[in-house]
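I'd like to ask some things about the structure below.
We call the chains A, B, C and D, going by the order they appear; numbering starts again at 1 in every chain.
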Amino acid sequence: MILILKTGASEDQVAHVIARVEELGMRAHLSRGTYRTIVGIIGDENRIREEPLRAIPGVAEVVPVLPPYKLASLDAHPEPSVVDVSGVKIGGGNLGMIAGPCSVEDEDRMFRIARSVRDAGANLFRGGAYKPRTSPYAFQGLGEDGLKLLRDVGDRFGMPVVTEVTDVRCVDLVARYADMIQIGARNMQNFVLLTEVGRTNRPVLLKRGMSATVTDLLMSAEYVLSQGNPNVVLCERGVKGFDPATRNLFDVSAVPLVQTLSHLPIIVDPSHATGRPDLIPACALAGVAAGADGVHIEVHDCPEVAKSDGPQALLPDQYRELAAKIRQMAELLGKTISPLPQALT
Amino acid sequence: MILILKTGASEDQVAHVIARVEELGMRAHLSRGTYRTIVGIIGDENRIREEPLRAIPGVAEVVPVLPPYKLASLDAHPEPSVVDVSGVKIGGGNLGMIAGPCSVEDEDRMFRIARSVRDAGANLFRGGAYKPRTSPYAFQGLGEDGLKLLRDVGDRFGMPVVTEVTDVRCVDLVARYADMIQIGARNMQNFVLLTEVGRTNRPVLLKRGMSATVTDLLMSAEYVLSQGNPNVVLCERGVKGFDPATRNLFDVSAVPLVQTLSHLPIIVDPSHATGRPDLIPACALAGVAAGADGVHIEVHDCPEVAKSDGPQALLPDQYRELAAKIRQMAELLGKTISPLPQALT
Amino acid sequence: MILILKTGASEDQVAHVIARVEELGMRAHLSRGTYRTIVGIIGDENRIREEPLRAIPGVAEVVPVLPPYKLASLDAHPEPSVVDVSGVKIGGGNLGMIAGPCSVEDEDRMFRIARSVRDAGANLFRGGAYKPRTSPYAFQGLGEDGLKLLRDVGDRFGMPVVTEVTDVRCVDLVARYADMIQIGARNMQNFVLLTEVGRTNRPVLLKRGMSATVTDLLMSAEYVLSQGNPNVVLCERGVKGFDPATRNLFDVSAVPLVQTLSHLPIIVDPSHATGRPDLIPACALAGVAAGADGVHIEVHDCPEVAKSDGPQALLPDQYRELAAKIRQMAELLGKTISPLPQALT
Amino acid sequence: MILILKTGASEDQVAHVIARVEELGMRAHLSRGTYRTIVGIIGDENRIREEPLRAIPGVAEVVPVLPPYKLASLDAHPEPSVVDVSGVKIGGGNLGMIAGPCSVEDEDRMFRIARSVRDAGANLFRGGAYKPRTSPYAFQGLGEDGLKLLRDVGDRFGMPVVTEVTDVRCVDLVARYADMIQIGARNMQNFVLLTEVGRTNRPVLLKRGMSATVTDLLMSAEYVLSQGNPNVVLCERGVKGFDPATRNLFDVSAVPLVQTLSHLPIIVDPSHATGRPDLIPACALAGVAAGADGVHIEVHDCPEVAKSDGPQALLPDQYRELAAKIRQMAELLGKTISPLPQALT
């Protein structure tokens, strides 16, 4: 860590800075420049990262040298991690193809959609039983009935299932039914929930918050990892932008950026990123070309009656066409769409 | 609600749109323009707000006419609400002056800080016992011990206390000790937590999320209100910006904007908005001048050893000076700093 | 255009709105909803687009029905435009591969870089002779000497050249030397410059401004088109974002979004979008996969001595590797990298 | 300047970094930490600020120690500057009250508006003769006729006038008629225009660009100052935000932030910042309370027929009421609204 002192910091202030650094068990290395004095702190940066060094009188700026996450970093695990979701692999050259409706709805519809996305090439089925809705008057999901139905679909079609948890009191319940637990964008910094999910042994799909930097996202992953659960898959799903033409701003550069910093797989969700079926296929392909480890797409067979997010769903036929293109691109890039765990197809 | 159809929408599509609207129990009023057909929907907009109308084939855009919140709106309550926090009033000409350290720390320090801010004119004492920290390795708060200590401080100095809740399982516990419950920015769309807090009878301080529009903020307030708890105070504390010079971007216009839309009081938190003690006083005064119903400031007597957010704390003397200026400005604007509930001072 | 009146708009206000609409030569179609009155305006929206309708008393909101650009729209030209830059085609399945150093520097270096990018597959050579630098103390470009040198390079290697114009007084000069004129991001809304460039017959490379919506970008293109110059190529080069990890935020969704709205070609510039050589290849491929009509990359053979933007330049070898991957992806997508105009290679 | 080297930078790289630094005429001071090596550069940072140090192999990050502007900094001029606009003072405790219509329109209207704002307390009259419009089809201003009319209004009512220049070829013409020259937000980084305006002796009103950091704004001021024109007044007028409820996001914290960095006066423009008459007064007062050196407001006596920006204009009566409140607040803060230069009122 480096402390840049203020122009005109007094000798007393310099001495106090050094004393404070030594109190914290580190050594200080002074460098007096033409205009400013700089204090290099020598020792384990992690031990003092959370100290309010910028509040020491005379300190103008604190420049960390190491990233604030450890387990999520490439230092901890130099090779890309492969997360196994009940037999389907994500990361390290394996693409996860997650598809399904926004909300779990009635059984017939679930079966129809699941069959269509499985036949198109999806290897994970998604559906929300607990929906974090902006409005208290909107459909909030089917709850445990939805979880059961989702499990049935998964078993019937041989697809592992992923669903969101929003309430810390439901983590065990969700972990019982789902193969992978999703933390939604609005809960990316719900640290209590991250901690509880980290105590399960279920793979976690962690969506990037709308105003989270990539470092913030990796810090949230660190919450899960630090509880002993190493199976985190990150998901870029659009950040807040200023152009009302799209629901969010799809930050495709987050994919290679994460890969320079972390071993964790990262997939893309162009459905939420754009909110527009006419832009989803192009953005899905962009994500794969950028190196994403999977693609998350919402699919519904009758969007105009969907219980949530209908306007951004792809139709089954649109999904089939897109999945075929993703397959071709995966081949070009030397990647594999992880097959379904059992030969049930 | 207005549906703008796509250029070249077919007659079949128009007929289907009308049928769909009528199925939903509304009437459709067609207006064929030079280029586009527009369908005005007549009936109670709230009944169809959550329907996926934009997913109906041929529909290009859906324009709502009413705001999506009800209880938070001026229609529901045309006069400004006054929230009473154990005797201290916020709103309707009464300023809440919330001050205290970021985290609850040791007793001596709490007492010292509380005395200084009370003497300076604060009427509510703050301190976090449960801290939502970006890093799992950072100080997470003293928990229930912190709550007890905070209660002691409040009782000793005659100041109602406000503290954050981050875990839905702790809502009752926090409500037992605190006069006002804070929902932090990162939990503004933790709808489960909002719902539980709405079930208590404690006033709620609801902080705006970093990427939340004012409508989003009011929708989160609606969650609390719709559970039967009418005592919500909103708080502008900076949104995500692109200039690294400040921690966040203080959106002072949110104050008058809320007042054109809602009866709920809104205060400002320039500590989190700027993250810089040298900018906090100017932004606090700006907030009051813009019409804010209170000011939330973090104060610490030795920021360089604070357990969290030290670098953004004002010193007690700086707070005293600022509070004096706020008092003068309040007078100019015809507002009152609500006195402490008892003559304990 | 639709006018949504305020709740409680008086009959006098309604009558005045109608009168004002008719004064402007349009017809008004009234629709009284349950809560609000809506006025559909019938007639040529373009004639009244710039009228301050929102300032008419009683009007709450104005909802346009048509896009504000005409010549740039798909209505004006339903097929994708192909822009011919002295024999190199961009658009309609043809990829422009623009490469070269940020600034024109000395002749030897220019020749070396040009040879390497041409051999790698670039079909347009770039280099700035007039540099818009944030600092008045930074290198501002070689001026006309730079233009001459750029022309020499183009002639010697058979590559059309593109260079930026920043001063309206230099437009003719630049047009004399360059095959394509670039308008930089900071000048995207320099309407005087757009107008002058629109009066030349040179193809224009129009870069998106850092806070411009796609509509803003198309409106700037409209300035050029409306002067009679139909040869505009748009360029996504990153918008302002909140994550300091990258220089800008690469908005890859702008590529398919433009294609739903306009016939103009759009290319991507991952060099400026990310500012990081380690992210440029992934983002370049993402752009092509999303449907971009070309890729703009800065290349330098010794970035540490480059006169500008060295830290974001690819080395010639890195460019060669990337160009090979772009070629493979182009093939997969059925696109062609437009060959050099003459068999000089 | 500090160079942070990459983890694992080789000894050869370290040696090359040092050699490169010395080649540039500076000295390098090495500090080997537990994880990383840091190189402090000793010497005049300004001489190497524009060198591509981040492109040197092995360098991870470059941390500047000094701000990139000189003449605009407090080092160059520790006291607040006072800019004299033909007798009206801005800065150093003097408030500039700029008011007038967006565009110069017909003479009668100009006279009516000028009289009303002068009587309300404005001390500078504004009006655009050259309008930078998003659409090529919108009213572009009256040009030189507008300038003449504006001059007449100024002379008649004894108010200095301010007007925008958009074309480098018109700088002398505008300087002939106007007392103060405005550079609009969209031209804040039109460096050619800044340079030309810097060569006149007219005070310059420099508006912050929509995606400009405060450092960017000060760098643009530096362009003007470095040409010999010291009379620059900065203007915060809203940056790009994500909430469509307001036209831009009013960054009131820019006012005190500028004052910690620069001696230049800074005023606020809540008209463009919010785009909403119902929010303008609150934001104007917020700006003054935050320490702004003036307030820029658009006023029109019949917004529904204004040639531009009608929907955001205040009516003369609304301006009078606001100006009275600003006067009271100025008094409270110990500031003066600079009187008109002559006793013509």
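In this section, contacts are C-beta pairs under 8 Å (C-beta built on N, C-alpha and C of every residue); 3 or more make two chains touch, one makes a residue touch a chain.
Predicted model only: the values in this text are computed from it and were never measured.
At the far end from chain A, in terms of centres built from Cα atoms, lies D.
Just to note, of A-B and B-C, the chains joined by more C-beta pairs in contact are A-B. Each chain gets one centre point, the mean of its Cα atoms, and the points for chain A and chain C are 31 Å apart.
Chain B and chain C have Cα centroids lying 40 Å from one another. Annotation: 27 Å between the Cα-based centres of chain A and chain B. The set of chain C residues that touch two or more partner chains comprises 211, 239-242, 244. The touching residues of chain C, when paired with chain B in their complex, are 2, 4, 7, 29, 31, 33-36, 38, 40-45, 63, 65-66, 75, 240-242, 244.
Considering their complex, residues 211, 213-215, 239, 241-246, 249-253, 255-257, 260, 273-274, 278-279, 281-283, 285-291, 328-329, 332 of chain B touch chain D.
Against chain D, in their complex, chain C makes its touches with residues 20, 46, 49-50, 52-57, 68-69, 132-139, 166-169, 186-187, 189-192, 195, 209-211, 216, 219, 222-223, 226, 239-240, 303-306, 308-311, 313.
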